[in-house]
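First subunit A sits with subunit B, and in the next complex the same chain sits with subunit C.
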Partner chain A sequence: MTRLRKEQTVGLLMVLPALLLLTVFFLYPLGNSFWMSFHKWPLFGKPKWVGLDNYIYMFQDERFWESLKFTFVYTLTVTPMLFIVALGTALLCNSKAWGTTFFRSIYFLPVVMSFATASYVWLWLYSEMYGVIIFALEFFGFGGEKKNLNVWKTGTSSMWAVNAMVTWKFSGIQMIILIAGLQAIRDDFYEASKLMGASLWQTIWHVTLPLLRPSIALALILSIAGSIQAYEQFVIMTRGGPSNSTKTLVMHTVDMGFDYFKLGPAAALGVIIMIILFVLTVVQLRLFRKNY
Partner chain B sequence: MKLLIKFFLITFTLVSVTKTSFSEELIVWSRGGWSDWIVEGFNKKMADEGKDIVAINNLIGHADFQVKFTAALSAGERVDVANIDLINVPYYAAIGALEDMTDFLKSQPYYDKLNGPMLALGSYDGAHFAAPNAADVSGYVYNKKLMPTPPKNWAEMTSMCEDFAAKGQLMIAWPSKSYGGMIFTGMPVAWANGGSFVSKDGKTAEINGPKTAEWFSHYQNMQNIGCVPENVAVWDWPDKQDAFLAGDVAMIGTGNFMINAVKDHSEKVDAAFTAFMGKDGTKNSAFIGGDLIAIPVTTGAKDAALEYIKYVLSEAGQIEVYTKNGGIPIRSDLFDGNPYLTDAHMVFANASTVGDVPYTTVYQELMDPWLVANQRIFSGEDVQTVLDEQNAIMQKIIDAGH
Partner chain C sequence: MKRYSSNWYWFYVINYSLVIIIIFPIYWTFISSIKQPSELNGNPTFYPKTITLEYYDRIWNFDRQERLEDTDAKDLDTYLRGTGIKRPFINSAIVSIGTILVTIVVCTLAAYSLSILKTPLKNFIFMLMILPILIPGISLIIPLYKLMRELNLVDTHFGLVFLHSTAMLPLGIFMMRNAFMSIPSTLREVAMLEGSSELKIIFNVMLPLAVPGLLTVAVFAMYVSWNDYIYAFLFINKPENTMLNLALKQLAISDNQFGLKWGDLTAGSVVSFIPIIIFYGFLQKYFVRGVTGSAVKE
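Then we have the complex of A and B:
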């Protein structure tokens, strides 16, 4: 056996466990979802091939379009919110001033809490009867003279309420990604910018942000992918209400599969979500790769 | 001597193995904590009778039960007895997931005393696939400190609402954010008024009928008067319950389980119960929730499962285990002389004889338009317009089937 052959065999053996895991836990379920999406899949008895019927059923279902629309609106609103807060805290915590490590830990702390726990905590904070946030907002005049503010009253206010929680919960992880990017920028760029008389804003705009591009790309891809798959926060905090106005695509998929047991249409929905994620990720990668 | 020791060892081993092999295990799936008491009682009874049947309770949370049970059925996993949320039983019966127990049930002397709507919900194509097990019955709870006597009809309720509003107090609240809460405590008021959710065969959506619309309008009217929390359109079950227990609201819809829950709130609440009534107060109704008990087709011990169900439905199971722990018996012949049924329990027991529960194989999917109807109406939209729209969606779901 030649040395090259030997190395190839060893390499193959090394990746085999990962390949097996990938096959069992990703490729097989993925293939199965595709297969299921073309069948009427009963709990008992044999599945029946129905071609594109499940996709047609989904596209004709108003609930699908409502949840798709909401998912996009949520993604478009929460992503900039998260990014702006993360960038701000990253810039602040990247300085070498005293206490930055402490503040980094504080900002990162919500990330370690489970998403469900965070949702329940914020649900309580938003409580009409006991919620600290509601008391604070009413103190500043929200909710009118009667002081009966309830953030779940409309779809828009519900979404912003959830967005605030998600920003609090996840801006820490984005901050860490951005700090890593910031620390990879060489000091001489800043020195050159200073020598050329650039203001702080000009330095951020013309030096920091362009050089931070790979980290921004990673943060945005993670944020958008997470938002398209939004589930727990809305199940716990809004239950899709009021009147289905905050029902996400994944919530609709779970309802279809595990509440209504329409497994074929649910699989079709899963495939649609996967295609959306794939397209969005490819577009983002291309956009951010352009000027490296 | 060695030979003798060998003989005893072999005999002992054989006896042990034989004993273990013949001890029949019965795998019970449940979603309520009370099932532990039933299983305990059953195992004691089997031991007393010298029968080698041991029931093992697989207690699963309410929220996860349906998904896990369906996955188990689909995978062919052995489940001998299942205590299923009654509302989902028509679906399981329709897909052939449950054993036929018609002969068994009809042979029981108390067959005609079993709760009718629950029995009907366990039936499909004229056969019984599930038996009544544990009933959660709905009704109003009111705080005598705020409301000495409950309203007897809708006119009286409206008049009391005006009095409360004039004093700046809240009279009633309901959980518009909870589809289960609204069908449990709202729909029965419509039923008592002659309204309907779906037709008896489950094939026609009927929430836009005049009698159901009349109930929605009645509640919406109380909102307009001002005796209802302003944000009731987005209130959940705990919101209205907390408000009641805090003494902020005089009455709410609830279930028999509230009898125990109010005991520790005597400072602000002096609770009493009354049944849901129709417009003129001549008819009462209730939502009969809870569990039906069934034998899945994946059972490996059908006879032992029937023995278990027999115990659940017996006087020992229904009185000494279930009613003793706060439940309402599902046999009407066990109401009289039942030492554990207080006056409060009797309100629910009597309501269970006139209550109802919708029969449909697509219940979960229908809850979506039902919830939307509630939230839109209690946000101030026109009752009939909303009901017509949501009824059409419900009909579409029913027509598409399961």
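Then we have the complex of A and C:
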């Protein structure tokens, strides 16, 4: 009995630092974000309870809807790009051929570069004057006679430019997830489909992909959750421009809170982002359970 | 001989093409950073004709004080932007190392308690620890900012270390818990019969067997901390405390807002990539496990 008592005390003491960190830097701000979103925050003086006013203020703000729309458009375009590249490289690198380990480690390489650095690097590649991508595009006849191609000219072209960078940067993570899924598929399935005379594409479509569903779900939801949180790629590469057409939800939150000092509505925005992400993750867990 | 049938031919053609596409931006950045200014600001060339380390010298050793003296000191923009990256590099290194240490200590202790010991409420506590996966810190920036001000942690390395370590809790505890649970319990029982304390058991018996988990956690902590942008942006104001990722931005825009200094920027990007590529080179397996492990749940 005393030994159990002692072990319990030691156990609690050991978990205490982690609990402390979690409580101060996660649980408290989590609770506080709801509390803050229901209060008005004047620059001086005490916060005042205002009910749902902050949410109403936020929903009536056109910039919120614009950033929400842009975030969704970005998510819906970048997710298939990432997934197709990841699936392609995963299928390529799943064989036991010579060199696959090397190829995999190269495909994963951009993942380890910091996101900010990757954004700067691609900003240079897209540079209007001497950027190598612009040079190549103009070489192939884009941008017309005058050769004044500028990817940052419109919101749409800016988004695709950023999408290309994100695909380069992050498809490695999804590739690894999909490879893990591929390796869990037993060889008998492939042998059976071979015996039935299926072609490579038929095998991929009717055997590999259905069996890969849990990994696909994970990869997709991961990239969706990541895209909803998009921030630094757009802050660095487009600065939200041209004319706020590439402003994401998180950028809007930062603007609200730190440029306009509207802490209440900004906290409400945080809660909205939290709810979107939470729902997505729960959906992900659901998908997972169903498939196992 | 059958190995080199046409299928294999295409296998290698596609793979090597992809390798070139993936490597190219990195290669391009590197050669841009060592080209002479005249070559850099001209039509693209695929390898540098003459090599210069001018940009590296300038961005690393740039002295803000010197700059202040020969330009208008009242120009706050110049003051803020004209920072070399030596100091930010050291700041980022301090925060990354701090995060690794805090994460390892905190997560090892907690994971040991939540897996091996008979800690009360351990399943509930474990669920709490995993919760930050569902709610990323980015949605909490407003209350976090208020908290950092109240605790006087704005503009401190400690503040960032705490935030990064908190972000590491789910993966760190999850990984270490798995590592500990895969160790046979008899080892601990034998050590206990010899009268060792729990801390001694962790250090002498458990940790040596949990090295892969430990490395994964350490590498991922480095990754999280070195890559952080938004916390460093929101919670660091003073120029001397700037983190590397933000210093790169200041480097880039130091002349005027739209004319970026590409030589400086590419050199800065290479400097920021070097530590992480060294980690990746030596600990690739753990890197991949850490970065993807953050996604894989129970």
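As a convention for this text, the second predicted complex is superposed on the first by the 255 of 292 C-alpha atoms of A that agree within 3 Å, B and C clash if a C-alpha of one lies under 4 Å from a C-alpha of the other, contacts with A are read in each partner's own complex, and residues count from 1 in each chain.
Simple rule for what comes next: contacts are C-beta pairs under 8 Å (C-beta built on N, C-alpha and C of every residue); 3 or more make two chains touch, one makes a residue touch a chain.
Worth saying up front: this structure is predicted, and the values here are computed from it rather than measured.
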First, second, both or neither for A:Asn244, with subunit B first and subunit C second: first
Partner chain(s) touched by A:Phe72 [first = subunit B, second = subunit C, both, neither]: neither
Touching partner for A:Thr89 - first (subunit B), second (subunit C), both, neither: second
First (subunit B), second (subunit C), both or neither touched by A:Trp160: neither
In the superposition, subunit B vs subunit C on subunit A residues touched: C
First, second, both or neither for A:Met129, with subunit B first and subunit C second: both
First, second, both or neither for A:Phe258, with subunit B first and subunit C second: both
On subunit A, the residue positions that both subunit B and subunit C contact, one per complex: 129, 258
Subunit C-touching residues of subunit A, taken from the complex the two chains share: 4, 7-8, 10-12, 14-15, 17-19, 21-22, 24-30, 32-33, 36, 89, 92-93, 95, 97, 99, 103, 105-117, 120-125, 127, 129-130, 132, 135, 168, 173, 176-177, 180, 218, 222, 225, 229, 231-232, 235-236, 250, 253-254, 257-258, 263, 266-267, 270-271, 273-274, 277-278, 281-282, 285, 288
Subunit A - residues contacting subunit B, complex: 42-44, 63, 128-129, 146, 148, 150, 152-153, 239, 241-244, 255, 258-262
In the complex, subunit C residues that touch subunit A: 8, 11-12, 14-15, 18-19, 21-23, 25-26, 28-29, 32, 40-44, 105-107, 109-110, 112-114, 117-120, 122, 125, 128-129, 131-147, 151, 162-163, 165-166, 169, 173, 198, 223, 226-227, 229-230, 234, 245-246, 248-249, 252, 260, 262, 265-266, 268-269, 272-273, 276-277, 279-280, 284, 287-288, 291-292, 295-297
Of all residues in subunit B, those that touch subunit A in their complex: 66-67, 70, 73-74, 91, 95-97, 177, 229-231, 233-234, 239, 242-243, 246, 362, 364-365, 368, 371-372, 375-376, 379, 402
